[in-house]
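You will see chain A twice below: alongside chain B first, and alongside chain C after that.
Moving on, here comes the complex of A and B:
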């Protein structure tokens, strides 16, 4: 199902598109939205704020590296930089398409520990994002419907609904459907509504401050908010560094590097 | 090893302090006996200071200091770790006082035997506090997914235990002897430790590899047993009411330990295992014909475990067995000892609250350790733990049964910076 654990903004990537005035089907819009999601490698540093409904914040600084290697293995390393009690914690994932291996390093235990791959619906690092929210889905796993066209913050958008295309996907996902607002000019998604299996709206994701990444024909949102509308809890991602296709070294995706804790 | 410290200090002072980062924590830990609510088992404040020094990508220095202000036992200062890392293309070196962690088991030490343990609070302290650093040189060479690790520990450091009469003092053969022979007829000699000579150093090798998504390791460790055996020499007397006097000498013995581990995932289940084979370990015998009441036997200790982590839950189970293959009926230890462990955790409210249950049950000795803990993380860097430890068993001389009276309820508050 999963092609890569790419950063959340990967699903938001776009390129200025000369054909934006065409009458596109929902599938074609999603193809364009997905077209540049896959990169050779990425490095991103961000601050993740977890904010409860009373406004109380917890903050984590994280750096993530990802790469598709010569054998087409998707590799990701997530490292916590702060706060002090989680500094150095690292998660290494290697996905060869058939299976995903994951190892966790906990500095306090000085040990690399194999862990099971997370379920798609599991929370990503205690945040309001689940793993399926931050992964790039296979286009064929969903069916798409063009609901219409709306303006968001003064920008024309397509509104595309995605529903699981098979029972297998239905079982894996926590969502019965998602509605995505995709800009007409560049196919970046600026808002996503997530509905649970009962059809109730449960989460809302809004992406802003979208910039072109130096040295790459890619664009990324630099500020993303995911709100759980049921609990009032929300998670904000504020990116301070995004590098794409700059050549992330293979050494980052090894247990040797994971153990260094920095 | 003094030379190593000198090199480390020269290394830091010669390259400046610009890349120094200090972190650590302050922790308060208070435990009350459940048997007698008027008795404190632990009243402690602790300061941990870690100094990280990264002058270049090829070198790293680390020092960890510990200040333990124990209101029941006094002040204790220690240098937990102090080492230099040097990184080469396919080789890492770590030189100095360090903790070396092997093994796959949770809450147990099977192949994880490189560092001696501080057992002055049994195995209830945090793992980072239980392991004691040792002066060592560790070299790790990398060949793709394979790794060869070589260790040299110049000087043996034994495990630490509570003194006789303290809450967490272990049951020893001395207790048994003292119950039947008057103190005046017992002579206890000093612990016999290996001399500080190169021939007595410890060394080991470990080979790690990843084959078809299975992590394997094989290890060999030539070491000294961290746990002494009390040699008992009985001499007849002319006194019919006390027919023997006894001389007891605690001795640390040289051993070879061969180990292996694996871990992998099958679907959403993580499988782990590890085993250690001790060649010629010393065990107590009740055979009166034996000169010192200690005999050498091979010893096997292994663990098989599985874990799953659906959603915000985590569940792990381990089966552990200890075997003395060439058993004789005079041995004090069982021929086989079977144990099981269960660890369950669950998080709530975006991981600001966690509940945990850990249970070890020894099916052979019928003793147990149960730990229930609730964690609360009110804000970044702050951890509050409320918990209880329940220990017991049918007999008073078993691993957990001996601490039957040490059930406790505790509060820990930790601020990390």
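Moving on, here comes the complex of A and C:
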């Protein structure tokens, strides 16, 4: 009941927003999409299913903490909860904008090891998501074009195409372009198509079960599928909890916490 | 019936020709439907255990083909070569069907390294190194990584491999061309070699196309020359030639219509048709020239049809029956070849009996030219041969027995089966590529060994991983094994790296949880598809790849035997071990070829025997007819044993063809002798007459066959080359065998179907068809004598 009231209020709120009129530029849409996604801190519990072409799956349950601290450092901690034999495996990364440091903890080894940082185009935890797919892009790194407007599952969306703005970005990213379907009402992207350097569609991301997160003016998909159309492999993320801006303590992002879990 | 058939041809030659023409156009359209098949996985029965394992392995680990590029330099660790590796790896992404993130090379592969600051997960070579220090670092990284050193990079650092996985469903010609373009661009001073299923298959396709487009015209020119030498006029050249060409069109057209695909084996078919159809055409035209000298066109044509239909039909049916016996083989390419060859021979038979007679009806009576009689050198040789064999039957017998004895020794030495590699001649680029991979890069072909547990998560068990490791160490010690890799290697590598890169830790850890966590670490640092190739998703099955650096199938056989024995005795019970891979499916052929060949020889000889038995209405007639070709077949196999030609796809079709075609010689000889003997009751006279008439015809027939078959020696495939010259040889041995062995046998056994019950009953009629076969050669040879 409460949820629906908020929903209505939110909808009204968006409708009242003068910017939600028809004349947004692609860049403006992306700005809003970006703002919608950006948070101070976040705690998310999810199940990651890796599913191969033959339908065989590997399932991992994970909790992920992230925070942008006072020094503007982006910190993330991923902790595996299941399957049993990898329970407690943790990965901590701290990015101060210039460099990223990562530490890994394997409980069976009882040791924290520093590991090298990941590239933008590297796979995120062995899934079909690359780091660049889950990170928020720097707005100026890409050029945007509004391709049009379409309805996805009955919801009006803008279709925005992003193309790397510089040779530097072109070199870092695995994609020659991405097309995003962004909801007009809350600026959440519900579908993304990724094109490889050849210009072929390579991956397709679909986000569903989009809900407003309690206590934050943010919307999140609770079920995300990323499919590699070339290999037939896909990854599903099913969220059980998402908390935004509820305050995540700094101590989560220390090697000590990584190792001891407290 | 033959009379009515003759009336039809004589009465309606134009209609007959028009019908044949339309049939030819219709059937010929089938040629456009003709497909080539270069994939030999489908060659064996679906229920073969190895095929079943192969299918399951593909189901578990994915069905991808691999393109291999081998780079050979003095030392690959220099800026230029490393840049080439990076550029080729990058350009391979553009090749159709290539899975972009499944290209493995020094420039794409991730390395997990222990650095002083921690764990470094990243590509061996991110960017092309600029300085000697960077190059040196990469070299150090390679030499300290046992997943790479001696595998992706050769131990002497002279060579490296780039592999690209490619999804099924690609257009292989496009892939081949695109890959070739890349390697040609970067070839030199480094030598680049390409290999892998798509490349081999395209080479097979190209070889088949080349064989047909080069060998067929060559064979046709040869028979044209042959026809000219026998007839020395246009009509004599073109009438049999039309039969040959139409027969090929029909055979290939029918193949297209019924959906049989061209294989390496059936690429020999057009040449087989040249050999077979040419001799049929010759007989008809020969006979016509005999008849036309004294008669009108219509009468001559009728006589030709009446006289020639039985013998030509008889030789056609025996040849077709011989080919059809190949159907006993369970190897699809061999079976299909037999069936289509039989259909082709029957088509040639029909065409021979319809087209030349009808055309001759429409042509004017030829102007008689006084024909210069060729020297009787052959006659003299044949005469003395006949006398010799009768004077010294003991020598003939002893020599024959010695030859048979040697052949039996040879037969026991026959090696069976061959690997796909050996399909290509030694100088072929694919063979050179195999040699390079075998010499420097641990091989290009492999066994896949699948280890299956009863339930998921078996593979992460340390005890099992150690057994896998021991199995690999054992395999690597065997002669002919390049290297091995498996999931166990990766665990060992990570264990070492996680323990300060201490070599002591390059072993399987004791804790199962640690193994699971290493796996997680590894999978987190790679792509989702990284593991797919070596372990299944729920860790129930693992794949060990054992690279083989020899192309000799005997080595493959030995390795398989040793590995299987080790696996049976060293793995825990409850763990299933299966061998698969294309090396295995080529090994699996052996039993089918052996069993098929034995069945085939027996069946072919029995069928021919029964046929001759019916024709001569005599048991001894049947037996005598099969003697020369049986000996000829033994000689061929004996020779194969001695000179090391293997019994495989190409050579296993020899018997059926040689028996079917070769029996003609014996049938003609026996028939003629049977005709001549009662005239005088004198063995020697009958022998000499038979030799100088039919004997000479047999020699011409033999050469016209060899003309077609011998062209195959220039094929681009070793099995076809072997088939070509061995079948030619068998033609010669069974031809001469008939001339040399039969007379002393007649003299020794005085078979009743020739000698009759008493010496007085020599003019007994009752040999049905054979009586009509005789005049062919009588008249033919009159033709030469006058």
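Throughout what follows, the second predicted complex is superposed on the first by the 242 of 262 C-alpha atoms of A that agree within 3 Å, B and C clash if a C-alpha of one lies under 4 Å from a C-alpha of the other, contacts with A are read in each partner's own complex, and residues count from 1 in each chain.
We take it that a residue touches a chain if its C-beta (ideal position, glycine included) is under 8 Å from a C-beta of that chain, and two chains touch if they have at least 3 such contacts.
Being a predicted model, the structure only gives us computed values, none of them experimental.
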Identify whether chain B and chain C fit side by side or clash on chain A in the overlaid structures. clash
Which holds for A:80: it touches chain B only (first), chain C only (second), both, or neither? second
With both complexes superposed on chain A, which partner does A:89 reach: first (chain B), second (chain C), both or neither? second
Tell me which partner A:149 touches in the superposition: chain B (first), chain C (second), both or neither. neither
Is A:262 touching anything from chain B or chain C once the two structures are fitted on A? First, second, both or neither. first
Just chain B (first), just chain C (second), both, or neither: which does A:109 touch? both
Under the stated touch criterion, which partner chain does A:25 make contact with: chain B (first), chain C (second), both, or neither? neither
Touch test for A:99: chain B only (first), chain C only (second), both, or neither? first
Between chain B and chain C, whom does A:56 touch in the aligned arrangement: first, second, both, or neither? both
If the two structures are placed on top of each other, which part of chain C overlaps chain B: 440-448, 494-502 or 692-700? 494-502
Footprint overlap on chain A, where chain B in one structure and chain C in the other make contact: 50, 52, 56, 58, 83, 85, 108-109, 113-116, 119, 122-123, 126-128, 233
Give the list of chain B residues in touch with chain A in this complex. 23-25, 52, 54, 60, 92, 99, 101, 126-128, 140, 142, 147, 213, 215, 263-265, 268-270, 272, 307-312, 347, 349-352, 377, 379-381, 383, 414, 416-417
Listed in rising order, chain A residues that touch chain B in their complex are 50, 52, 56, 58-59, 83-85, 87, 99, 101, 108-111, 113-119, 121-123, 126-128, 233, 254-256, 260, 262
Of all residues in chain A, which touch chain C in the complex? 50, 52-54, 56-58, 60, 80, 83, 85-86, 89, 91, 103-104, 106-109, 113-116, 119, 122-123, 125-128, 196-198, 202, 228, 230-231, 233, 235
Going by the contact rule set out above, which residues of chain C touch chain A in the complex? 59, 62, 93-94, 99-102, 115, 117-122, 167, 460, 498, 511-514, 516-518, 520-521, 523-530, 532, 536-538
